[in-house]
Amino acid sequence: GCSGAGALGSAEGVETVTVAIVSNPQMEDAISLAPEFERENPGIRLRFVSLSENEARAKITASVATGGGEFDVVMVSNYETPQWAQNGWLTNLEPYMAGTPGYDRADFIPTVRDSLSFQGAMYSVPFYGESSFLMYRKDLFEQAGIQMPAQPTWPQIAEFAARLDQGEGRQRGICLRGKPGWGEVMAPLDTVINTFGGRWYDPQWRAQLTSPEVRNAVQFYVDLVRQHGQPGASQSGFSECATQFGQGQVAMWYDATSAAGTVEDPTESTVAGRIGYAPAPVVATPSSGWLYTWSLGIPQTSPRKDAAWRFMSWMTSKQYIQRAGNDPGIGWTSVPPGSRQSTYQIPQYQQVANAYAPLILQGLQRANQEQPTVQPVPYQGVQFVRIPEFQDLGTRVSQQISAAIAGQITVDEALEQSQNYAETVGESYQR
Amino acid sequence: MAEVVFDKASRIYTPGAKPAVDSLDLTIADGDLVVLVGPSGSGKSTALRMLAGLEPIDAGSVRIDGRDVVDVPSKDRDIAMVFQNYALYPSKTVAENMAFPLKMRGMEKEERGRRVRQAADMLGLTEYLDRKPKALSGGQRQRVAMGRAIVREPQVFLMDEPLSNLDAKMRVQTRAQIAEMQNRLEVSTVYVTHDQVEAMTMGDKVAVLADGQLQQYATPPELYDRPINSFVAGFIGSPAMNLLELPRSASGVTLGGVEIPLPRDVSDAAGSRDRLTVGIRPEDWVLESTDADAGSVVKAVVDVVEELGSESYLYAHLADDTSTSIVVRGPGRVQVRFGDPIAVRPNPDALHVFDVETGRRLP
Amino acid sequence: MAEVVFDKASRIYTPGAKPAVDSLDLTIADGDLVVLVGPSGSGKSTALRMLAGLEPIDAGSVRIDGRDVVDVPSKDRDIAMVFQNYALYPSKTVAENMAFPLKMRGMEKEERGRRVRQAADMLGLTEYLDRKPKALSGGQRQRVAMGRAIVREPQVFLMDEPLSNLDAKMRVQTRAQIAEMQNRLEVSTVYVTHDQVEAMTMGDKVAVLADGQLQQYATPPELYDRPINSFVAGFIGSPAMNLLELPRSASGVTLGGVEIPLPRDVSDAAGSRDRLTVGIRPEDWVLESTDADAGSVVKAVVDVVEELGSESYLYAHLADDTSTSIVVRGPGRVQVRFGDPIAVRPNPDALHVFDVETGRRLP
Amino acid sequence: MAVTTDTEERAPETAGGATEPRRQKRSAANVWLGVIAWIVGIAFFFPVFWMVLTSFKQETDAYTTTPKIIFEPTLEQYEGVFSAGVGPYLVNSVIATVFSTLFVLLLGIPAAFAVSLRPVKKTQDVLFFFISTKMLPVVAVIVPIYVVVNQIGMLDNIWTLVILYTGMNLPIAVWMMRSFFLEVPGELLEQASIDGAPLWRTLREIVLPIISPGIFATALICVIFAWNEFFFAVNLTAANAGTMPVFLVGFITSEGLYWAQLSAAATLAALPVIIAGWVAQNKLVQGLSFGAVK
Amino acid sequence: MTTTTERPTAAPENTGGAAMIDRAEGWRRRGPLLPALVFTIIVTQIPFILTLYYSLQSWNLVRPGSQEFVWFSNYGDVFTDSQFRTVALNTVIMTLGSVLIAVVLGLLLALLLNRQFVGRGVVRTLLITPFLITPVAAALLWKTVLLDPTLGLINFVLTPFGGSGTEWISQYPLASVMAALIWQWTPFMMLLLLAGLQSMPTDQLEAARVDGASAWSTFRELTLPHLRRFIELGVVLGTIYLVNIFDQVYMMTQGGPGVASANLPFYIYQRAFLGFDIGQSAAMGVVVVILTLIAANFALRLIFKSFSGEQEAA
């Protein structure tokens, strides 16, 4: 086909590598640095397809699954990588890593590395990783005379939220995602369910969404966001909460650790410098942060694997982080975090990020995707269930939760319906 | 049932341009039927539309029954109008079209139906009452437009060439019906037509317009017998009056070598002019034997013969002046053919004489 | 330049329904101008369209110059047609409109221009050659349509009411031009009209259609003098012939108490019928003094007088039979008015007698 | 009659004096309705205006609880958008729009002609078929289309979009143009056939000039739909054939504040069609009123 | 125009030739239609047939080797899916509601714009703009600029009236999406109806004035019937596009909360691009096609009937 070999700029001896990428800020930074890569590698030209997360995921999945072959490098997450590796859709990267001196595979944060491995081999390399934590306004806490514990619990957070809530139309207690989507509301909610002791399935793949633990957790989450959460909660995702928190509309925000870069950026945030950070709140588990990583892989169909790897290894290298940190347009606050342990040793980074960087690293290291909750589960993943059906299942369940947050149905109704969906999926694994 | 007065009424479509209707003075007596005639573009429709309230009156005024209607909107003028192009409502049936003005006046359904049926009966439309206009022939549409006007019994009827699309037979018939109805209802009526016969037969009075200006306003016989100027003379009558510009002679004028004496009063009025426009209607030629004395008859050569059965028209040119053509009415089944010579003599009592320059009638 | 023959040609629009044109037999001699007349819906246009190839011929055949054209598409029949509503190409100028048929025949540009200029000259269109049709008046459009037909010099001209949209004056003028041109070019022409005068004056022969069937095909005088049936009698002539259903008397028929004798041959042909339809043209009444003897004149009361200037028509009803109306032609400026009594006598030499039942002329 | 004389004398005055108030009354109503029209017009336009305004803001100015009308304008967002390489997307959009519209006209005009002026048997069925193809939700066929396109190696190829957009707009175009054709008087065709014109010349020389306003309106609508199409574009293109809406979506991120930059991208994406629509609106109205009806 | 091409069984000697002419003529008439027809069949029907085929398969894109032939079980799932019914109902409400409101608003605006006033051209320009905006951008505009509970302009404008804080998209998700759709489609309807108004023959309006009709009567009795065809065209075009609308739902609400604002295209999209359940989504697509065809058959035939009625009489 005409994939990859673009009509534009495919001179003699030049390989064009097409990269499908999620259009988040760090990736855009990478794109802006890409010309440097091309300069260093005259035989390779890069073409980026940058789409928002939803489109990117749908498109990349369709392309890879049907062997569309438009892309030489795809951005995937720790949700897809092991599955796709198992399906034989991704290229085993171990030989490439081994053949790239100074790449330092061992430097990747172990949990992240594991989450991108299938049968011990990495099939994608992390660009950045994230866990979840709690952000709060130190100034407001001080004013209210509240002291944030070193390891807060959810009931404590609920109480703080109530105390900091100034009522409708004014500053609210907390921002929590409510937007439907398995990557939206389900992410923080899953961590809450996990730490409340709930789970999606028992080891026999029987759906557990109506169990008391799950019910309590969801009820807690829904109550909290409905009572003291941000306006428009059922439509809020990461971006909306970032705006709310950044504009000083809420006192706390529980979300991805990558948020730190956004809310500490004075050009985007009015509260930069007044933010405190705490680990993900817990109830019954010792920790509850999630584990998520955007990583790069090479589809099996790509005929330009070497060139593709050359680019990927550049983008996920230690040098890249140095380069980005020293770039005036990017800066140390915006370097991709959560991929390499060495990043946290860089003095410049420590300097700008010392408020949250150690917490991120700790969150990532403690995230436990093998055993996310108290009871045993037959699946892997913290804020998702790593089975192919989960995107659909998670989204459907998230729609129910979102409806409950919007007040259109009760939590019980939402979970009843969700349980149905989950049972259908579970049945296909019981056989 | 009202007197209609145009009082120096003018309409200027484009500021600065010549008015389409220019200081029109016209009084239509209560119950009269007045016919407006004139060439295309002479302002007939415009005058009608001013009366109907469809065109503003830029100067002067128009009064209906003594009331100045300049500021009265159409719908309050109590006027019924038949439009030149029918203006039927395409989405309504014939019956609905005819009932519409009644409905707008809040008449009851019963009564509406009765009146519509009656009018349809009169116009031979009964079997088409349920059709939409587009399923009618041109003549039928015209009759519906007529019906829509007559159901009303308004103060004034306005009809803009209402019969132009009917065939000869229908036309004669409808023409008689309109005259009859107008007579019976005694509604003042203004009727625009370009048909000679209609103008002559229907009007109590006829107004001749040209270039937005009233030329003559008189009864049909007066118009026919004493046209006020050469324009009216040439316009009224079909085929048109022969209008010949002739040199003066001692006692009258000379045509084709023949001396045509003029009556005393005409001669006097003509004064010292050395040329006169003389009008002779086709029927006012007397056909003479072709071997008559050259000095007493005008000799001509036939170009075309139009044989109508009951009469014929001979189009001929003068034998000694091929550029002058004349039309002569002959009897039906005349025996002359193309190229035949004829001899004619004008009836001296029926001469119309006009000033060459101004076109005014003399005396 | 061709003979045109309709040979039992029929057109049935809706299977099962009455044919719009029913077994038409008609031969148009080479170079003749034949006028088709008939009431609305009688199939005139349809016949023309069959000849033009715009309607299929469902039965019978049509031959042009001896060639059966049933299967020949329009564009290969070498026919020119003037449509009732002109059918000018709105996006083309006058010159382009007229040149189009020539262009389609692959004529060279030079030659096209020459012919178009020539035709435009003849029709007085020279100064409008660069205008688009919408910038022309009705009369001018009509002439363009005509021009488009004549530049072609086709085998046959077809004209469907080509003058219906012109005003009276224009009409007389164009009528003469068409007749003249047709004479000169000697192209066989079929001309549809509903205008009496056109029919009578233009046609070498006239075909009268009714309900898709040919009634009579004859020269205009023949048609006027010897209509073959009461339909033709009533259709030709304006105002229409008086058609009266009268009881037989000893030597003829009785009208209003007056005995009207019939010629021998008519009496014989009438046989034992006890009622006859008798036709009397308006001009065939003789106006008598009203105090004439009751037995010799028909007494009537005037309803309407139509004064045309050159003549007048008196619409009257019989004094002793108010349901019978008659039309009488009187002289111009007649002195009778509504309600006046008149006395008339039919001219015995100009009677038309028809069978009451079949309408056929006797003998 | 005394009254008449009376009026007669005052006639000129009355005429002048009386028309004034009426004109004023009428124009007063007109002014009010005009004001309403302006308000509604501005209300409809306001979101677009705000979008353009936002595109000149800093992100922090874009996100304020009290909307900011006064701010320091910046071209930073546009710089960002241009540096992301809008060029190829623009070119792709132009290609997809222009060619698909061209193909729609090429295929659609004869088809509309066939189903209107020279109706074939089962005209209604044919028309119905055309329209019914629009009932199929694209989302349902996108996977089959993806598979087929992949099979024939046409993924990420702008001509794929050209073909699909042609298929997408063709039914509507045929349907609209059919009604324009129906407005052409039948005698013109008959006249042309008598004048000896073959079918295609009749179409080219007689019919098309008459219905050109209608065709223009149809084309403009096809342009609008093709330019703005998103679903096919996002699913069937990658690096080479992306169109403006795809480019626009690339600015949506699930992390970070992006509205000002997105506004700039949206403004750029919509601008060509907005300008085209503004310029051509008169013709559009003219074209739609030409036929569209019968 | 004559619509009849058949020659009834007449003139026996002509029949043979006539039939031949008919066939040749038939092809001449069909000829111009064929390219478009063939093109449409290829572009739309091949994918559709594949869709039919997939709808009989159980196939999850992300589980390789899961493909198997399952007859009609996908259809069974569609019909037992209670949410499918909700979503179908949403689709009907969203489509018809938006179209009808857009038509009514469009009519009002067209009437306004059909009058003379200062700056009429400018107002029309302002009004048509929403129709020209890329739907994706329009959806974002509504979601972010207008309807956002804290930053949205609508709540800002409503604040003085005590109406702030409404969470439009969560509380009235369907209405919010419809508002965006109406905003985009009203201009189109306005243009279409304006065209209709401007093609209204003035002589009819004058006749009505003379006949004594008030402005309202004239509108109801004459203008509205005249506009009927334009309204029908607007409804048909609008319905066809809106029934398949995807961008706005996807961008504004993601069908949520729950499935409160999901329409069929979006629901199918979820099955296809989140579940990657190709069999399911294909079956749903087929069901949607069949349902819309039934509805459209009904509506379109009605319109076609009046169309052909017109044709015969003309």
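A, B, C, D and E are the chain letters, set down in written order, and residue numbers restart from 1 in every chain.
Convention: contacts are C-beta pairs under 8 Å (C-beta built on N, C-alpha and C of every residue); 3 or more make two chains touch, one makes a residue touch a chain.
Owing to the predicted nature of the structure, the values given are computational and were not obtained by experimental measurement.
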item: Neighbouring chains shared between chain B and chain D, ordered by label; value: C, E
item: Top-ranked pair of chains - ranking by C-beta pairs in contact; value: D-E
item: For chain A paired with chain D, centre-to-centre distance based on mean C-alpha positions, whole Å; value: 40
item: Inter-centroid spacing, chain B versus chain A (mean Cα positions, whole Å); value: 92
item: Between chain B and chain E, centroid-to-centroid distance (C-alpha), Å; value: 56
item: Shared interface positions of chain A, touching two or more other chains; value: 58, 62, 66, 243, 247, 249
item: Where chain D touches two or more other chains, by residue; value: 63-65, 143, 147, 249, 252
item: Residues of chain B touching at least two other chains; value: none
item: In the complex with chain B, residue positions of chain E that touch it; value: 201, 203-204, 206-214, 217, 221-222, 225-226, 228, 310, 313-314
item: Residues on chain E engaged by chain A in the complex (per definition of touch); value: 60-64, 143, 148-151, 164-165, 167, 169-171, 173, 253-260, 270-271, 273-277
item: Of chain E, residues touching chain D in the complex; value: 1-3, 5, 26, 28-33, 35-37, 39-40, 43-48, 50-51, 54, 61, 109, 112-113, 115-120, 122-137, 140-142, 144-146, 150-151, 153, 156, 183, 186-187, 191-192, 194-196, 198-199, 229-230, 233, 236-237, 240, 243-244, 246-247, 264-266, 268-269, 272, 278, 281-282, 284-286, 288-289, 292-293, 296-297, 300-301, 304, 307-308, 310-311, 314
item: Chain E contact footprint on chain A (complex, rising order); value: 58, 61-62, 65-66, 83, 87-88, 168-169, 178-182, 230-235, 240, 243-244, 247, 249, 388-389, 391-392, 395-396, 399-400, 402-409, 414
item: Residue numbers on chain D that touch chain C, as the complex places them; value: 185, 187-188, 190-198, 201, 205-206, 209-210
